[in-house]
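A, B, C and D are the chain letters, set down in written order, and residue numbers restart from 1 in every chain.
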C-alpha cells in the first residue's frame, strides 16, 4: 500500500494523541489528525474547539471551527470567553494542536506577518487566533507543519506563539504554565526539543526519508538525534480511516 | 429597547461615520446582511471590531467603510487569506487600514470587561509574544495579593454591536442556540445594539442549549431571514461552504470585487 | 475523573482535617448530605467557604468541624439567624470561629478567578464599606489604561469543592438545571471535587437550561437521592420550608442541637 | 377598609416601582412589594433576583431567593457571577430594593454587626449578601425598613452598604455609579435625601401618622420637609392583592 507524505504526517500526528486526552484542536490538519485518532486508537479523545464545543464527536470532518456538527455532537457548548478562561487558561487541556507559517529552532511560531516590518509586511497572515494562549497553557503542544526552509527558519519574523523562546528556562521565566512544544510533526519526520538545549532536534524520519532531506528542508543547521527512529508505516486501517474522512469532507482545498 | 425595526432603519439609526462597530459571530450566526447594509448606506471611517474578520469584513473593508480594524484572526476560514484585507493593509486600497491585533483570549476578555462595566480585563496571555510591542492596549498588571505579573487588556465598548440569532418574540426578547461565541458579551458591551433574527415568533419555546437576551438589553431587533448567509443559523440553514470558496476568486481582484459590489450588494431592492 | 463512588468513600478520600472546603448551592442544589457526612467522619479545623452559609454550615459549625468561615451572607433564609454560627462567633462554642467576610459579588468573583486559573479578580465593589478594613483580602487595584481605582479580591481555590446536581451518566458527566449559582465555578476552582446527584442514568437527555460538567473536570460523583434536603433539586424535590422553620428551635439551644446531632446525623446507617 | 402599618409600608413601596422598570429584588418585604406592584400597576416590572433569575414572574410569593418558581417563570436564568458582573455591575438595573437592620442619617445601611467591635459584636447579623454592590450600582435604591430609634441611628455601627457616606459628594468621590437611596419607605412614612444636604428627610407620612411619631422613632433630629405629603390610603384593590399574596405564601414568619 502506498501513501503520500501528507497522509504520513497526519497519521503520525494522530498517533501522538493518547486515548482519553483532552485536545484543543485547530481547524485543518490538526482537526483531521484528531478526528483520525478518535476513529482509530483513541475513541475517547476529547475534542475541544475554540468555538466553545467541548467533547465534539463529529461524524464527518468539520470544514470550519464552528460547524454545526461540532455543536450538535458536543457534550456541552460554552461561550468563547468561557472556553478560554475556564478551560484553556487553567491548564485543563492536555494537548494543544497548532499549525504554523514559520517555526524556528526553539519552536516559536509565527502566524502573523512575513517580513521584518510589522506595519508594512511582505505577507500579511491571518494572525494569532487562539494560538498564543494554547501555546502557553496546554500541558503540551503538538505542531503540524510541512518542512521547508521557508517555514523552518532560524528565527521567526514575528513571535505569535511562544515555544521555548530563546532557549532553556525561558518558559519558566515568562511564567508559562504548559510544557511547550513536545513534538513537531512534518511531512518528513518528527522533531522534538532537546532535553538540554530545547533546540528542535530530528528524532524520527518517516519511512523512506533520508535525514539529509530534513536538513535541506530546514533553515538552520538541523540537529539530528544520535539514535534516529523511523516512523512505522501507516497501517491499512489508518489509511482507510483517513481516506474515508477526507472523502466525506470533499476536496482538501475546501478545508 | 428591543424595538423591532427594519434592517435599513436600524442601521441608519445606529451606524454613523467614525463609529466603532462590532459584528460578531464565531463562524455561526454572523450578521452578514447587516454588514452589507452598512456598505449600502455608505458609512466611512469605521473602526471595525471583530475576533474573526472573515468575508463580511473583507467586503466592508473593500468597500472602503473602515479606517481601522481591531481583531485576533483575519482569514477566509478553511480557504485562505482575505484579499481585500491584505490589499488594504499592504497597499492602502481603497483606503489605508490601521490595525490593532490581539489574541482570541484577549479579545474575548475585552468584551467580557465591556459587558461587565469594567475598564479592563486580566488574563494569562500574550506573554513572550511580539504582539505586546505592537499595541499599547496590552499591559502588564501585578496581582496585589501574590505579586505575580499578568496581562491586562482594556474593555471593548463599541458604539454599535451587531449579531445574528435564530429568533425573537414580539417584545424583542432574543433566543439563540448552538455556538454563541461572544454574542452575549458584544451586545452587553456595546452602547447600542442590533440583533438580526431568522424569524420573529409569538412565543420562544425553551430549547436545550438556548440562551436568551432580554429585550431591554438590546436596542433593535430586525427580522432578516438568511441574514447570516454564507454563515449559518443552526436549525434554519447550513453553512454555504461554496460561497467561502467562491469569495477567494472574487476578492483577489479589485475589479472583480468592485463588479461584485456593484452587482450584488448595492442594488438590493429598497422598500 | 468523574469516578462514581459512595458518598462515604468520596468524603473519606477528599476531606481532611485542616482542609479548605466549599459546599455551594444558591438555595437550590445544596449538598447537605455531603456536609453531614463530613460531620460523621469527624473532620476538624476546616476552613469552610460558602457564599450563603445556612443550615448545613450551621450544623457543621455546631458540630465543631470548622476553624474559619469565609462567606458573604450567613442566615437561615426566610427564617432568621443561624444560632450555631452566632454562638461560635459570639461565644466560641464549641470552638472559636474565625470569619472572613465578603459580599456576594466578591465571593462570586473569587470563585471565577479560581476557576479561571487567575490569582485575583477585579470588580466594582466594597468601596466605601467597612468590610474593607476587616480583611486583607480586599485591595484596591488601578486600571493600567484609565487610572481608575477598582477592587481586587484573591482567587478561591478550595482543597475540596462539593455541590449537588440532578443527574450524572455512568461516565460521571453531570447535568444540572434551574438555579445553578456558582456550581460550575466552585467545581472548577477546587483542587478536587465531589458532585452528589439525585440519580445516575444511562444517558443525559438534553434539557432546556441544563448545564453539563464533563466527567474529567470532577473528581468524584456520588449518587445521593435527596442529598440536597431540606434544599431542593428542581425536577426531583421541593424545598422543605418546614425544616428551615424547625431548625430555628433546634439550633437555638446547645443541648437541643447536640441531641439532634446525636439522634439524626451520627447514627446514619453505615454499610 | 382598615389596614396595618405593615401593609401600608409594603403598598407604598410597591407604588414606587415604575412599570417596566428592572428591579433587583431581595427576599422578604422587597419581594412582597415588587410582586404586589406586578399584580397592580406594574405588570411589566422586571424582577431580578440575585440567584440569577431574570424576569421572574412567580405566581406565588417565593419563600427564598432561589425558589423553583423563580427559575421556572424567569425569562432566563444565569449564573450568580453573571448576574452580578453582566447585569448589576454595569448599571443595567433601575431599582435596587434593600432592607436594613440599621440605617443612618445619610442612608448608609448596616446588616453586618450591632456593636462597636466587629470581632466581638453585640449581635452578629447575616452580613452583606448582594447589598453593597446593589447599593453601589443600581440606578437608584429603595430601602424598606420599620422606623424605630434602634434602626434609625445617627451613624450605623458598620457600613455594609453605602448610602450618601458622610454627605453630599461622597458617592461621586467613591466612584459609585448609581444615584443611591432615593426613597426610604417605613411603616410611618417616606424619607428622601435632601437635594442639598443628602440628609434623609421626612417628606411624606402615611395616613393617620403624626410627624412627631416619626421623629420619635428616629435616632437623630429628623428633618421634616416644608410641605409634608400624606400617602394616599391603600385602595381596596391594593389591599386585596397584597392579602391574596400573603395568604398564598403562608404565615409571614415563614418569610
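Convention: a residue touches a chain if its C-beta (ideal position, glycine included) is under 8 Å from a C-beta of that chain, and two chains touch if they have at least 3 such contacts.
Every value quoted in this text rests on a predicted model; they were computed, and no experiment measured them.
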{"item": "Neighbouring chains common to subunit C and subunit D, by label", "value": "B"}
{"item": "More contacts between chains, B-D or A-B", "value": "A-B"}
{"item": "Mean-CA-position distance for subunit B and subunit A (Å)", "value": "28"}
{"item": "Gap in Å, rounded to a whole number, between the CA centres of subunit C and subunit B", "value": "39"}
{"item": "Geometric centre distance via CA averages, subunit D-subunit A, whole Å", "value": "57"}
{"item": "Subunit B: positions in contact with at least two other chains", "value": "117-118, 123-124, 148, 184-185, 209"}
{"item": "Subunit A, residues touching no fewer than two other chains", "value": "85, 89, 137, 177"}
{"item": "Graph class of chain-chain contacts, one of line, ring, star, complete, other", "value": "other"}
{"item": "Chains touching one another, given as label pairs in label order", "value": "A-B, A-C, B-C, B-D, C-D"}
{"item": "Subunit B contact footprint on subunit A (complex, rising order)", "value": "27-28, 50-53, 63-68, 70-72, 77, 79-81, 84-85, 88-89, 112, 118, 120-121, 124-133, 136-137, 158-162, 165, 170, 174-177, 250, 253-255"}
{"item": "For the subunit C and subunit A complex, residues of the former touching the latter", "value": "115-118, 173, 184, 188, 211-214, 216-217"}
{"item": "Subunit B contact footprint on subunit C (complex, rising order)", "value": "117-124, 137, 139-141, 143-146, 148, 150, 152, 154, 206-210"}
{"item": "Of subunit C, residues touching subunit D in the complex", "value": "26-28, 51-52, 71-75, 77-79, 81-82, 85-86, 89-90, 101-105, 108-109, 111-112, 123-131, 134, 148-149, 178-182, 184-185, 209, 232, 234, 238-239, 241, 245"}
{"item": "Sites on subunit A touched by subunit C in the complex", "value": "22, 46, 54-55, 75-76, 85-86, 89-92, 137, 177"}
